[in-house]
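Lettered A, B and C in written order, each chain numbered from 1.
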């Protein structure tokens, strides 16, 4: 059982919080939330099929991390990736088209919810093999280092990936070779239905990273400002040539593992307690207290997000399907890069 | 193994070398030709390579380009994939194909699929070298032939290098290829010597090679076994049977046109491989002949493969498990109806 | 019924948490549904009032079935106005399929290949979409229904595929060849030996190993080239594609069909006189061309000799389902197509003329239907315009006969014991010896000539 600390969830304002920046963080989180809520409806209507892993509750991590990295930095993601993709800067229209399996989708309908890719924003994909993207991220960072690029690769994975050998082989190699990787562990406490406490003998994940001589710390993943600050600190060190950093972002998913599951493995009280720590109202409250936001302002942000998603759905629904003649494309490259 | 490559003859512009040296030369050429190329793998540097192929390269090129890794097959292949996607041309080495199973997830779920899953956005120009084959009494975890496992998967090229010409002529086009290429090398051939041209020729990655022309029966094979098959072909010639020997070389994609053209001339086909027969490349080749060259056949297609057993240690058992000159000759004679 | 997980097709309402008249808000759980995997809560996505429950608890329905109707907040549920409300759960929309699906490229290509007219096919797919299966069914329906394949020659004798092929090529009867292979199987070398020592040639109907799948009617060259006229590629490519298609069919014809050729030159002076009379009162646009006389005469002659009208498929002759005369039409950019005039024997000369004009026009403009190119049961080619006197044609597989017409030219001709100058024409018949013998062919050729000499019978 993973209970958040009791008491009212209240964010601390950093001394120099820029109002517009705070509102941007809020906008991104609301856009992710609204995007996924619409996905639930489209899934119920059988317009989205396959697996649909929702990020609802975890938006502060993608939002805070992406705010702390540069446009040219790379991200490697998991199958719970809509938030990462949106926060990285991929359009909700092409993501939605992908959800619907359309040719205008960011992966031309070949990937679906679990496999969003975008070369333009250096988004190296949702990887649906737990820990499968971690060695890949290490390789991206190795190439940057060998080519003298001043770039960082952020590698998202859940706490379940720490069970896998790929994590241990990869973080060791990244440390050994001093590579510019941020290991961004989103600990939502359950790998599918398996509680961290039932899966790992040592539940302090930072200790595992530390055993590979990688600096590691834990941060409240429901506090977007704390996420951003911790990430910024890590990225500065990584870019400075100090090697990889591991951050455990402690969080919680408000919904089931995939689109729907009976959620038999979680105590409803636990779910309810974590929902009190919803990162969106938490930031909205802080911005209101600071006088940067009022009810109208919040309503405007929500309405803008709704309108954006409306446009995305219209775009996706009107996008054509890939012609069947093209079924066997993209198995081998069509042009030499 | 002291057999020489039957297809080469000494001329003034040739040089004599082992297959090991041929492999090393092509690696050296790749490192010289393209500064994006680097090697990574277990004991390729200070140790000099499990089969001594990379001996000396660490001194020549330094640790940035000849990268010794921990015993981490997933990380070796996965990191090479990531580096390949980000501008480099890594050559990852997996000591033997038995160990490649540890990296199977990265090879199949990432290398082979990323281009497709990303709708054509991310290609993976990685080269993976590994080794296969029995004959050295290394038992059931170091002797197997897993070429068919990889040849099953769309999205990767699989090439087997069992001659000097291929060892020297395949790596360069493999590195030029925008997609993943897995190269199989054969430890038991490493000391094989041949006279080779000073300047190697580039090999067409997708093509099979006719190692011995013949008119009576087509014997299709690949990898180290082709040398056993060539010996068998000479034995058959003494018996009046003129066998054509085809080295598939490219195991994916398969150059079946070369096979069909040969069968159209000989009307009989035998497939010989060192991997297990069941669900193997021989099965694939036989099926394609049945599909596309049925009316050319004057006899059923025959297959010889590894006995259906994990390879045993004892020499007589190991020998009995894999194709030998005698078993190949016997099977060809049967197909020729010369029982 | 919402889709509640990957692969869910149906669900059962276990319990309703709301009743008509209840107000509901977005996100509220309104029902419990049993799926294959688990019992799942159903949430609602719109604020409103439950107007009506459409599916009772305990009932299993497919995904997409409306479960309840929802009215706007404040609506009086009991009034008929509530009927305007939207369903609580939007059904999986049975939207009309986009046109791109109706004629998906694969299905379209299949239709072209098998000569199926897509406009005539009933789609059984989602939203009436024509599926691959529909086209295959339609293609099967319009094929001449083949009887059970003839037993292979050498039945009871085993033979290698290559030996069968060789035997067919050399015209040998496999049952007469001694096999030296396993179990007495005939091998290629046995056939070679038999060919040199002389074994009775197979009867005309000896089955060759047709290189087509069982039941498949191989497309004639024209069909293989149907995409050419509509092709928007460069003319040279289209021309090459058509050349290739013709080459394949002619190679196959030459390889597989044992041709025999018959010819006769006939006097058609009086027939042409008759034609001139018919045309005398007509405006130029309505005049008949001599070409239709040959088409009609051929069609009528085949009525009594069905073994020259049809297809050779899988080692057996299948009569045509009518007399559909393929008319060879050369294209200005090179190549030719031979679309069918269906049931030519039942049409008047005027109807044939109209059909011929229409075909020529559409052939050259690229407006042929695939079926028109696979329909012919015989082909008529008129090379008279090219100044050719005689013609020995090559049959278009799987057809079994070909009628060639030469130049109409005045020749010295014996009439009633006197030498006269008469207009004559050469008629050539090429036929497949597997399907018919020379005397049958001669009867057909004679019948064509008879009809031409007596134009009133046309």
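Definition applied: a contact is a pair of C-beta atoms (placed from the backbone, for glycine too) under 8 Å apart; a residue touches a chain by one contact, two chains touch by 3 or more.
Please read these numbers as outputs of a predicted model, since none were measured by experiment.
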Inquiry  = Can you tell me which chain lies farthest from chain B, using the average of the Cα atoms as each chain's centre?
reply    = C
Ask   = Going by CA means, which chain is nearest the middle of everything shown?
value = B
Ask   = Which chains touch each other through the most C-beta pairs?
value = A-B
Ask   = Between chain B and chain C, what is the gap in Å from one C-alpha centre to the other?
value = 46
Query = So, what's the distance in Å between the C-alpha centres of chain C and chain A?
reply = 55
Request  = Averaging only over C-alpha atoms, locate the centres of chain A and chain B and give their separation in whole Å.
outcome  = 42
Query = Which residues of chain B touch chain C in the complex?
reply = 267, 294-299, 337
Ask   = In their complex, what parts of chain A are in touch with chain C?
value = 40-41, 43-47, 49-51, 258-262, 264, 320-321, 323-325
Request  = Going by the contact rule at the top, pick out the chain A residues touching chain B in the complex.
outcome  = 74, 105-111, 115, 117-119, 124-125, 127, 129, 132, 134-144, 146-147, 165-166, 169-170, 172-173, 176-177, 329-337
Message = For a test of understanding, state which residues of chain C touch chain A in their complex under the given definition.
response = 2-6, 37-40, 43, 45, 63-64, 89-93, 98, 100-101, 104-106
Query = chain A touches which residues of chain B in the complex?
reply = 38, 64, 67, 69-70, 72-75, 77-88, 90, 105-106, 109-110, 114-123, 125, 154-155, 176, 178-179
